[in-house]
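Two complexes, one shared chain (chain A), two partners (chain B, chain C).
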Partner chain A sequence: MTRSFIRSPLMTFVFWLVLSFMTLFPVWWMFLVSVRQRVDLFGTPSFLLDVSRMTWGNYQAVLSNPTFQKYMINSLIVSTSNAVLVSVLGLLAAYAMSRYKLVGKDNIFFWVLTNRMAPPAVFLLPLFLMFTLWFRVGDWSLFDTRLGLVLLYCVFNLPFAFWLLQGIVDGIPRELDEAAYVDGASTFTVLTTIIFPLAKPGLAVTAILTWVFAWNEYLFASTLTSVDARTITTGLAEFVTVTGTNWGQLAAVAMLTLLPAALVLALVQRHIVAGLTFGAVKG
Partner chain B sequence: MSSVTLQSVEKSFGQLTILKAIDLDIEDGEFLVLLGPSGCGKSTTMRMIAGLETISSGTLMMGGKDVTNTHPRERNVAMVFQNYALYPHMTVAENIGYPLKVAKASKVDRVQKVEEAAGKVDLLPYLARYPRDLSGGQRQRVALARALVRDPAVFLLDEPLSNLDAKLRVAMRAEIKHLQRSLGVTMIYVTHDQIEAMTLADRVVLLSDGEIQQVGTPDQIYDDPDNLFVAGFIGSPSMNFVSGQATGGTFSTEKVTGLKAPIDGMLTLGFRAEDVVLAEDGRFRGTVYEVEPTGEATYVVLQMDKDRVILRCDKKYRPELGVELHFDIADSQALFFSAETGKRIR
Partner chain C sequence: MRNSTTGWLLIAPTLFILFITGLLPFLYVLVVSFFDWNTFAVNPDPHFSGVENFRRLVFDEAFLYSIWLTLKFTFFVVTSQLVIGFGLAKLLSRNVPFKGVFRTIHTLPLMVAPIAVGATWRLLTIPGLGPIPHFLQKWFDVSYILSRFPDQAFITVVLMDIWHWTPLVTLTLLAGLSNLPREPIEQARIDGAREWQIFWDIILPFMKPVLLTTVFIRLMDALRTVDEVWMLTGGGPGAETRFIGLHIWRVVFPKTDYGYGSAMSLLALYMTIVICWLLYVAMTGMKDNKQ
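Right, the complex of A and B next:
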């Protein structure tokens, strides 16, 4: 096969078609399951939607379920709080690392990144002990609290935010800070009026990706929560019981879980590209 | 407005001292230019005055007040950066008004002062635009207007014209000088361009290797240099240098005879290309190495033994290569420097 054939519009079209199919087919299949009646689920599998037998019953059942509503609210609160906290702390840390001469700067950066190197499961047991025994005041402990999850996700998301935002802040010319200082600004004013607006694309990326991480996280949420702080991902597992699996409602919840993340990503994907390439070339 | 005084100011990075005991008095309303080659410490000096670099030792006074360790925002200086440092997310009006905004000036006051400052640099039609929509010259004027909008004690300009094309640079040079004159403000200006320094300055400070080589008016620096560095740095073409020996009060080489010298010993003679007169009985001689017509004059490069000198001649003059020419200079225009220390011998 010649190189020109491989790069021809037809082959490019075929390549992206296959890739799109691989990505979207599971979502389509999940949607089909979520709108099928229970009896149709175990018939002859079909890729096509039979509109005459379509039902929104699974969605109605899930959305009217108070437990599911609580899980959804928990997920929203935990993900959003985590995204905001991580973005703010990440920006402050990145600014300090970018602008100040700190002792052991490179080592700090590497050390922070090592948090992301081990598989999260490695931390599970110590975290469980910390949540149940160490961070405990009377009857209250971090275990099964939204605060606990928010703080925990910060531990895993901050290195990423720090790494991403440092590149962004490094890309903002130091002369702008200096000009603002000479113009009479304090460090806080420089951060809020110069750095924050210019780092917005990077902050958007950080917020979105950390939000999605927290939204999709299952391992810690299932281990470190029991009743009050359960999130939507852990709720998914509750449809698999010893007496059987409620596939229709499971698929409906999965679709509802997917929706906010897909919506957010679709709306801001342009910012993500801008954020990831910010500072790559001198403006 | 305010005076600025540097007393034995030094800047060191570890063991390396890049500015050595700088003493300088800048008067209220003066236009002072810090001039020197790259890496001489002129920008560092300015950044120390702005408060953007710490002072390793010495004292910096502004308006009689010690500001050595004061934060930039408390110094009441305005600075124009080499790359203008305009805030890209703000419009021209917001850029100009930023110092007033951080000073929490009222909106009415801000709008009025922004328009006033923009008017001074002809930016009124561009107030709603963003820096990316402006030309280099317009951006430069925004940076100037941002400096003008409040009433700073001192204006600092760090090579503000270096990013402009030659034609615009000449125009902006005149604008900056006119602005300084009309406002009567104290301006400190950093440049490596001697023409800029000579045309703008009330006084020039010539720096090299972190040390002040000479402080003086442009005329003093040009006509009465203190050392070989100053003599060679200022002027285009550079001053001509001829090495030789003076004995019995007379400087002579194989190509120079009978020139009165202030002392005996190994000396370097310096003279300007434009002070030369071609004369058959001249005390200098050399062979024509190259001829460079520029339109307004013809520069003739002569080989004088080891030294090569440039003479400024009539624009129609075209000597043949290799021909021997005789020329002379007035005794008063012959400057002598110690061959050993490079210092001027008067």
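Right, the complex of A and C next:
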């Protein structure tokens, strides 16, 4: 009797509801902090939004701050360039893997994937030294440049794009490009007129997910930039260490940081689990 | 199959970039770990010192403590996420209205930047502002101050990781459960098997590949956790939540002890590999015994 009640659809529904509440609560609280006036922040916590006392002041303050604007623009440029770069290179590499006989194919595939699994903290020091000592011309070095970050984010995004797109290209019938080659088309024509249009949905998912991964990255950005190329995530961390008391603005920056991920969530939700487990599990 | 030179040309940029960003740093860190190189030292130029860096590491208490903390943290989060995730997946495998919406909400933490996750939890736990210290004080008369009590800091970090990553475990196991064959389970039920017997003898063996992958991925991620902990506790109080990634980052960079830092990085990498390998051997061994 009780057992069947616990297993009833109604209880499952209620359970999902409670779970969703628990998932959303921390983010909801952060939103509340970000739209509350300073005087309302302290005292007994209230979990409801008082619309009459709501303020967008924190967001205005943050968005009109030139330093923060720079960080945000850096993040946008770095994430977008990186997403485009890894999608294009990933597609080419995936096509090569899928259609050509390459010696040591399985080993290459495995090696490419291991790059994503390596703990980033291990590579901070060598990368820092390489960026400051090796890749330098006169006064200019790769350290603290957006270019440096774009290249660096390839280490985790390129294997991901490569892996995701390989599945997509494998799904495109071989006969299509074979027929085009018989008609005298070049590899470039086949890639642009057959593979690219057919891989478009997969490319979109790849670009969106890699964009979010690049946007979310913090450790590399914090150690390999200092002033010019700092990103929104490092800005968020600086808020704690530098102006540690302005919680409203901190919450506003954090909301802006997680906003893109939340916006595209519904679009790519089905691919996230497969993506994070490298296809071992279909979402 | 066409000319494989074209194929190599197509894959070359990818391999080249990964060589620069992935393989080269590894080789570099390997070489530097055998050098004494500190730009603040009397002799700032690198000079060969053999295994001296590694010898120092073995007796470095702060380093060993950060490894111990990392292992403790990894053990707690991975086991609790597995148990909670399996329970949730089992409960949620049934059909329910708005399943898609619920699933999307449940996936949200996976996409949020770890640094923002740290910020959210910080806002929940600041004394005076956060609801957690307020209600713990009011209802249980517990004073909750992350910057003062190491145990509270550690537990909060674990809870934060559970909030952040349990959805991944739930969703992977949910996918695994939905692929379970129905016949053997129904047959066992007809034969009068108990629920726990069915779970232990039928469901678990079928789920083994999915479980193995999930544990693997969570293990690797947990061992390298940095961002959210840095944001929430800064590794503190003292060094009580300073996991290995934080330790490398915080101790090595301000001191510019490059040789020693390289040895430390390398050891952290070996630790990750060895743990994953041991787990792999243990789990595949278990499977063989069963069959």
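As a working rule, the second predicted complex is superposed on the first by the 249 of 283 C-alpha atoms of A that agree within 3 Å, B and C clash if a C-alpha of one lies under 4 Å from a C-alpha of the other, contacts with A are read in each partner's own complex, and residues count from 1 in each chain.
The definition used in the following text is that contacts are C-beta pairs under 8 Å (C-beta built on N, C-alpha and C of every residue); 3 or more make two chains touch, one makes a residue touch a chain.
Fair warning: this is a prediction, and the values are worked out from it, not measured in the lab.
Engineer: Figure out whether A:184 sits in contact with chain B (first) or chain C (second), or with both, or with neither.
Structural biologist: first
Engineer: Considering only the touch criterion stated at the top, classify A:127 as touching first (chain B), second (chain C), both, or neither.
Structural biologist: The second partner, chain C, only.
Engineer: Quick check on the superposed pair: does A:165 touch chain B, chain C, both, or neither? Answer first, second, both or neither.
Structural biologist: Touch partners of A:165: none, neither chain B nor chain C.
Engineer: In the superposed arrangement, which partner chain does A:173 touch: chain B (first), chain C (second), both, or neither?
Structural biologist: In the superposition, A:173 touches chain B alone.
Engineer: Counting residues of chain A touched by each partner, does chain B or chain C come out ahead?
Structural biologist: After superposition, C is the partner touching more of chain A.
Engineer: Does chain B (first) or chain C (second) touch A:83, or do both, or does neither?
Structural biologist: Once the two structures are laid over each other on A, A:83 reaches no partner at all.
Engineer: Look at A:19 in the shared chain and tell me whether it touches chain B only, chain C only, both, or neither; answer first, second, both or neither.
Structural biologist: The second partner, chain C, only.
Engineer: Applying the touch criterion given at the start, work out whether A:252 contacts chain B, chain C, both or neither, answering first, second, both or neither.
Structural biologist: It touches nothing on chain B or chain C.
Engineer: Given the touch rule stated above, what does A:142 touch, chain B (first), chain C (second), both, or neither?
Structural biologist: neither
Engineer: Considering only the contact definition stated at the top, list the common interface residues of chain A for chain B and chain C.
Structural biologist: The answer is residues 181, 283 of chain A.
Engineer: In their complex, what parts of chain B are in touch with chain A?
Structural biologist: Chain B residues touching chain A: 50-52, 71-73, 75, 77-79, 81, 83, 85, 87-89, 98-99, 101-103, 146, 150, 156.
Engineer: Spell out the part of chain A that touches chain B in their complex, as residue ranges.
Structural biologist: Per the stated touch rule, the residues are 173, 175-176, 178-186, 189, 193-194, 197-198, 283.
Engineer: Quick one: in the complex, what on chain A touches chain C?
Structural biologist: 7, 9, 12-13, 15-17, 19-20, 22-24, 26-27, 29-30, 33, 41-42, 44-45, 47, 89-90, 92-93, 95-97, 99-103, 108, 111-112, 114-115, 117-130, 151-152, 154-155, 158-159, 162, 181, 187, 212, 215-216, 218-219, 223, 233, 236-237, 240, 247, 250-251, 253-254, 257-258, 261-262, 264-266, 269, 272-273, 276-277, 280-283
Engineer: Can you name the residues of chain C that touch chain A in the complex?
Structural biologist: Listed in rising order, the residues are 1-2, 4, 6-11, 13-15, 17-18, 20-22, 24-26, 28-29, 32, 88, 91-92, 94-99, 102-116, 119-124, 126, 128-131, 134-135, 163, 167-168, 171-172, 175-176, 209-210, 213-214, 217, 220, 223-224, 226-227, 230-231, 234, 244-246, 248-249, 252-253, 258, 261-262, 265-266, 268-269, 272.
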